[in-house]
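Letters A, B, C, D and E mark the chains as written, and numbering starts fresh at 1 in each.
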Amino acid sequence: ASVLRIAMTAADIPRTLGQPDQGFEGNRFTGIPMYDALVHWDLSSDKGPTPLTPGLATEWQVVDNDKTKWIFKLRPGVKFHDGSPFNADAVVWNVDKVLNKEAKHYDPSQIGVTASRMPTLRSARKIDDLTIEITSSEPDSFLPYNLTNLFMVSPTQWESKYSQVPAAVKDPLERSKQAWTAFASNPAGTGPFKLAKLVPRERLELEKNSEYWNPARVPKIDKVVMIPMPEASARTAALLSGQVDWIEAPSPDALEAIKGRGNIIYSNAQPHIWPWQLSFAEGSPWLDKRVRHAANLCIDRSGMKSMLGGLMSEASGITSKDSPWWGNPSFEIKYDADAGRKLMTEAGYSVAKPMKVKTQISASGSGQMQPLPMNEYIQQNLKECFIDVEFDVVEWNTLFTSWRLGAKDPGAHGAHATNVSAAAMDPFFAMVRFVSSKALPPVSNNWGLFQSAEFDEIITAARTSFEPEARDAELAKLHARIVEEAPFIFVAHDVGPRAMSPKVKGVVQPKSWFIDIATMSME
Amino acid sequence: MIDVRDLHVTFTRANKTIQAVNGVSLAVKQGEALALIGESGSGKSVTLRALMRLHPAGQTKIQGLIEIGGHDVLGMSEKEVQKFRGKQAAMIFQEPLLALDPVYTVGQQIIECIRRHKPVSKADARQIALRALEAVRIPSPEKRLASYPHEMSGGMRQRAMIALALCADPQVLLADEPTTALDATVQIQVLILMRDLQKKLGLSIIFVTHDIGAAVEIADRVAVMYGGRIVEEGTIGSIMKDARHPYTKALLKSRQHGMARGKPLDVISGSPPDLSNLPGGCTFAPRCAFANDQCQSHIPERRQVGSHHFVSCFLVS
Amino acid sequence: MFDRSPKDVGGPAQPLLIVKDVLKHFPLRSPILGRKTGAVKAVDGVNFEVFKHETLGIVGESGCGKSTTARLLMQLIGQDTGELIFDGQVVGSPRLPMTEFRRQVQMVFQDSYSSLNPRMTIEEIISFAPIVHGVPKYIALERAHYLLNKVGLDPVRFAGRYPHELSGGQRQRVNIARALALRPRLIILDEAVSALDKSVEAQVLNLLSDLKKEFNLTFIFISHDLSVVEYLCDRVMVMYLGKVAEIGKAGTIFKHPAHPYTKALLSSMPSMDPDSRTLEPPLAGDPPNPINPPSGCTFHPRCKEAESICSVNIPLLLGNAQHQVACLLVNDKVGMSTPDASRPSMARAK
Amino acid sequence: MQYFLRRLVYSLPILLGVAFLCFSLIFIAPGDPLVSVLPADASEQLRQQLIALYGFDKPFLTQFWSWLLRALQGDLGTSIATNRPVMPEVVNAVVNSIRLALLATLLGFTAGALLGFLSGYFRNTFIDRIASIVSVFGVSIPHYWLGMVLVIVFSVFLNWLPATGAGDSGSGDWAWDWAHVKYIILPAVTMSVIPMGIVARTVRALVADILSNEFIVGLKARGLSLPAIFRHVVKNVAPTALSVMGLQLGYLLGGSILIETVFSWPGTGFLLNSAIFQRDFPLLQGTILILAVFFVLLNLVVDTMQTFLDPRIQRG
Amino acid sequence: MTTAITANSHVASPAIERSPGYWKQVFSKLLRNRLAVAAAIVLLILFILAIFAPWLMPGDPYKSSIMTRLKPIGTENFPLGSDELGRDMLSRLMLGGRLSLFMGITPVIIAFAIGSAIGIFAGFAGGLTNSLIMRFIDILYAFPSVLLAIALSGTLGAGIGNSLLSLTIVFIPQIVRVAESVTTQVRTQEFVEAARASGASSYKIVTAQILNNVLGPIFVFATSLISVSMILASGLSFLGLGVKPPEPEWGLMLNTLRTAIYVQPWVAALPGLMIFITSISFNLLADGLRQSMEIKD
């Protein structure tokens, strides 16, 4: 039997009950392999931006006279791992699990990681066995993108867990909680892999689901083992000592050693931004646009790139210049420390009177690349521009949680910037959630409390353009304005480096945050 | 039984040599008890331990001749010495609580010793041990075999120590102040016990003590040590009645019989000699009221002054 | 300060110290919850007097409560019951507060080593107490040097040394000097010479006699060495298992002992004559356990003369001022007829 | 046994105090303990519901009491971060930690006792010097650093032993076969350095002390051979040495966080690390409580064992 | 007193011969211990380097440069190589010594002050007071020290202050225990009884008679704790619970250089080596001190 062993960067196994935690690494390793969403990313090519493709829904369409309603046709004949059929009831049930507080299976612990990724989703209604109607709070052309994050789990399996909760437990909330706990260790989805064994904090074993509905994605690997290894050096040692076949985010300093042993490094530009998201809360020094521009001009991104052994691409905005959303901003993001210092001087700062800021960072984390050295590097760069940075180093999950709670929340510890790297593959994730006033905390990730009527207008225009070209034009306008207003220090895009043993074949690393294990094979 | 000639014991420690014993000659016949008396630091214990080669080999130099029961102790190999100890000659100590292993029962220690020297089974050894405890008049010996040293009273412990020493039927018993730590009422019991055992077993005993009273109770002969040398030697009677050496006289005078109420006691002025820097002549000369030039510069020879009575002093004619 | 010598309050006829029914039991506690599981009857109701300018000897086997008695007299531990009357005044009463009493009574311990603070020089040790009592430091030091001289140690050589640089005899002299520093009237010497070599012991004994004369002292001299006691003491008290067995003039006790225990004790002394050695041990066995003493007369199991009544009745300490004995056989079977081991003896001197 | 039970009763107040301290941790911590469970769009109603669920609305002592009652029934609550019950996780981690700590203690004890005996016996000789320096190394080396160095040498360069983890298929089906043992070697060796140094020093002092006792002369005077005397020394040293070893086991169990982090060993240290960084208080309290209780009980066992081995200690 | 004394009769005597005091003897014995002296010299050098680091540093410990990343030992301008951000290792190690030594020593000093006060009080008071204090200390003592330190700083949050606080809390019970047992031992010695017999107050007895006997052993114990404290403090930083970047501190440097071990193993090993050298020096010094204090007295 072929076994693929993967060392993840997470400190724990992402949750296995459908809505994973641990950022998108969770989706990558316990979401996509075990579950399907209505809509999928097409991960089959490493060329060009990753498009959407039908998942458990075969087609979808917005209702013409009420743009808040969508009709989704469901894929027939799909079965959950427990043998129960996938149908419209299951979809409604899965929407209810995170949105319907009245449902008995409503799980507060899952909505945190779900709601922010589909803020407009409101409810689902069964039309017939294979048709559902989904309602959003407002017309939203991004909805299909968002639905890639809602994974379908088997209601039958959950009900059977629920019925097994000891009768002694009376409180319905507690019963539901225990049922979810039981479900997490014995879940059922529809994905290409099934959970075989879960040792919390140690390893997750998946076995192939030979009955998978998509013949192209029926796994060739019998077993996939995932091991949490937050330490980059531990991952490297594990790969070099042959303990695992695949490590996420190898430490750049070890690349030569890794390659030297015949391992292969995969990387590809990702729709991803590694920024400092700046606070616009009262008293934040970043309220001054000159300062924001200055900071962007003071970062020596090419230096950073060589520090990372080339494993990053320099950011000049949220998206790259070849994206349809680029939009030619008038402010150019580049390294020009002199210009930066000049702006700083204009803003009233100097060597003697530096600007003091605090930034919340993590020591590791999904997509965070090499947060400590990178941030220390930025700290150095900014110091040259009269900006004194103090770090508040917190654990990745904590950072992630406080990202939703905003700059004014006590969880931010008074920081003026946060360093959560983000996937930027759909318009909502890439831009809207950071600058829309509807995404203010605690709804979504407008951590910095950025508000502008102009931006909101552009966003509404984009959201309500259900024609792709028109939508992209609006989005390009939005992106240009974002770069010009600079609510971020744009630093880097991840290239998703991963190192694999040469035994792993059929690896396609798309221009995505995700990767499809199902199509790989082992020698 | 014991024949010691011109014994010298020198310790080397931290670049300092301590001449603890400087030419001691002793002879003890079978069934005879010799008491070795003298003030603290005069080398009594060192002499006794040298007889069994118990000093740490590295820092000690022993010269002279030691013969016990016909064995040349200094000429033996390490293995032979181990066989010799306990079997030919045994030793008892001042503080039995310190001289017994605290984590073994008295019985275990006696049995171990018996089996070391006699090829007997454990059960037989136990019987022998029991008889040994009976011989030293320990009440309920059966129970005592299973007692740890700290569970016994001082007198009991010292009896157990004697039983332990005698368990392998040695001919020679070396006793280092075995009664000093005991109460007077218990001391006399132990002394009488030792005397009886000596008579019964025909032991040769060297009995080190401070206490002339104890020596009187047990010894046939007395040797008086000062500064690592024997200054006077004779039968207990002749020493008690006819001490010749100035040191012996002073020692006896500062003792009970000389203590008359209301009168000040005679004292020996000065302090004991520095063993790392001995005077050239008689070691007692610096404290001796009668010392002359010869005493300061020459070491006095041992001379016979009566039947079985020897003195090392120029002033004794 | 030098001349503030404690005045004689009661006159020569008043005993310097009267010990009345003093009793001290050390509770035995279980190590777990500190429950009391029994008691060591260390001092089980003693009565005696110490006359002015005398030397009272206390003898007895190990563990019979000599040191505990000394510590009680010194008030280092408090008695459970009973009281001390010092020169006619109750100790601890407003007329004789504890500090004042302590100034007048001092103690010399057996272990010359642990009774001197190893981190202090000799002069610091001796001057400590006077300084505590408010004597200016330079005067206290002067006095320390004076006392060192008195005990035969040259202050120039010894005042600046540390205890470990002294021999046992020298240390014991320092101890004596320290006891003298407060100009006490009573000095308790607990086995003060037992650890010394005979020749050194003689020196210290001579010193004690001299000092006693010179400073008008009263001594309580505790020892298990009977010959030394005989030499030094005017009166002798024999203790057995926390009780007084016999007390009287030294001559009487040594020449005409009345209590069987005293007799045995005396005949346990080595004979010093090789021609008449002791043939029979005068006393068999070890002293019994003070936690659980025998009933009646505690000596009866070891007593050669014991009769059946001895195991029932507790003897009272009876006799005249010269000589008192606690023995049923001597005192014509006068005793407490309801022996109750846990209750303090009501024995009382007349 | 009776002694043990009595000591156990005596330890109850200490255990209570320990539990209290563990529970108080959450209150000395700054910030909202619910921070990692409260969903971003939590309504005030949900917040209240969760607060009630976790019992944070009750007075401190009431909370402590109900926590303690549940803990006594083996329920340490639910992890805030993972929603899993704390108890099984802690138990699993403790088992893994014990495995590692026990092996490390045994290794360290063997090496340390050997060194200690050597240097105590040959006191102030060349051998003593060497052995003492080795044992000073043991107590001075930052073990997490040593662990890193060992990984580099033995896993990365020599490829002899795996660098991290607790078995090819996790710690769940541990067995003492090579497939698993090879995972434990590096962490155990790294960890054994601490007890090695401490045991060596203790044993050295003990042996030297015992050898200077007069009864050793007594044993020699009885004609015992060197091995026989050695046996006596061992038996004298054993009670103290074993109790030091027992305590070390306890320390390693609770103090292995650094080593377990370096080697990703799924033990208590590893668990604590995630609990701390995720601010997962039920997990943190539970882990510390179990460890401390374990430590107290271990102390008890050690004491009992010592009284058993050393006749001088009264078993009253 | 009847005998009249002329107060001056002995004062006139010439200068009194004075023995060297206990500590002087300890010190001179320590000076003869070659290993301890060597350790002391190493520590002295480390202290000087750390204290005067701002003036002695050859480079800027904060200035990073990509061009000079992870240079090997002996590179020009980088005598001990450079770290993952191209900062001069030598300068960082020197400056890092400040924090590392500070974090290692401070908790022990504070714990020494507090712990010996509590311990001596408990030991001298005895009885119920002692029991109450010691039972409370037992509770703290029931936590293995590393566990307690990590749990406390983990709960309080990362930072120098919190690390110092938690390390201090960890060491106090240990010092209290030692102080209590030494004091109890000394308290039962006869010279204390003698002092009490002279009518001295408890305060006077403690300050004049007990302190000079117990401070030594407690001090030695505390010295041996410094090495533990060094390792623990660095361990906290290593875990990310102590010093925060970019402040150089050996434990933290060790952590951030972990991944560089494949490129420059020697450079990456340096911070660990520094911790090791410091802690072994403290240990050797403590050992020497202990031996020197065993002056037969």
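Keep in mind that, in the parts below, a residue touches a chain if its C-beta (ideal position, glycine included) is under 8 Å from a C-beta of that chain, and two chains touch if they have at least 3 such contacts.
Treat the numbers as computed from the prediction; the structure is a model and nothing was measured.
J.: Among the chains, which one keeps its Cα centre farthest from the Cα centre of chain B?
T.: The chain farthest from chain B, judged by C-alpha centres, is A.
J.: Computing the C-alpha centre of each chain, which chain sits at the greatest distance from chain C?
T.: Here the answer is chain A, farthest from chain C.
J.: In whole angstrom, what separates the CA-based centres of chain D and chain E?
T.: So the centroids are 24 Å from each other.
J.: When the C-alpha atoms of chain B and chain D are each averaged to a single point, how far apart are the two points in Å?
T.: Taking the average C-alpha coordinate of chain B and of chain D, the gap between them is 53 Å.
J.: Starting from the mean Cα coordinates of chain A and chain B, work out the distance between those two points in Å.
T.: The separation of the two C-alpha centroids amounts to 91 Å.
J.: Measuring centre to centre with CA averages, how many angstrom lie between chain A and chain D?
T.: Comparing mean C-alpha positions, chain D is 39 Å from chain A.
J.: What are the residue numbers in chain D that touch two or more other chains?
T.: Chain D, residues with two or more chain partners: 148, 152, 156, 261, 277.
J.: Residues of chain A touching 2+ other chains?
T.: 231, 233, 236, 257
J.: At which residue positions does chain E touch at least two other chains?
T.: Residue numbers touching two or more other chains: 240, 258, 261-262.
J.: Which stretch or stretches of chain D touch chain E in the complex?
T.: 13-15, 17-18, 21, 25-26, 28-30, 136-137, 139-145, 148-149, 152, 156, 250-251, 253-258, 261, 272-273, 275-277, 284, 288, 291-292, 295-296, 299
J.: Inside the complex, what are the residues of chain C that reach chain B?
T.: Per the touch definition, chain C meets chain B at residues 61-62, 167, 197-199, 201-203, 205-206, 209, 224-228, 230-232, 250, 264-265, 268-275, 277-287.
J.: Once bound in the complex, which stretches of chain D touch chain A?
T.: Of all residues in chain D, those touching chain A are 31-32, 35-42, 46, 49-50, 53, 78, 81-85, 89, 92, 148, 151-152, 155-156, 159, 161-166, 169-172, 261-264, 266, 270-271, 274, 277-279.
J.: Looking at the complex, which residues from chain B come into contact with chain D?
T.: Against chain D, the touching part of chain B is residues 49, 52, 54, 82-87, 90-91, 93, 95, 98-105, 112-113, 116-117, 148, 150-151, 164-165, 168.
J.: For the complex, give me every residue of chain E touching chain A.
T.: On the chain E side, the touching residues are 62-66, 69-70, 84-86, 158, 240, 244-246, 256, 258-263.
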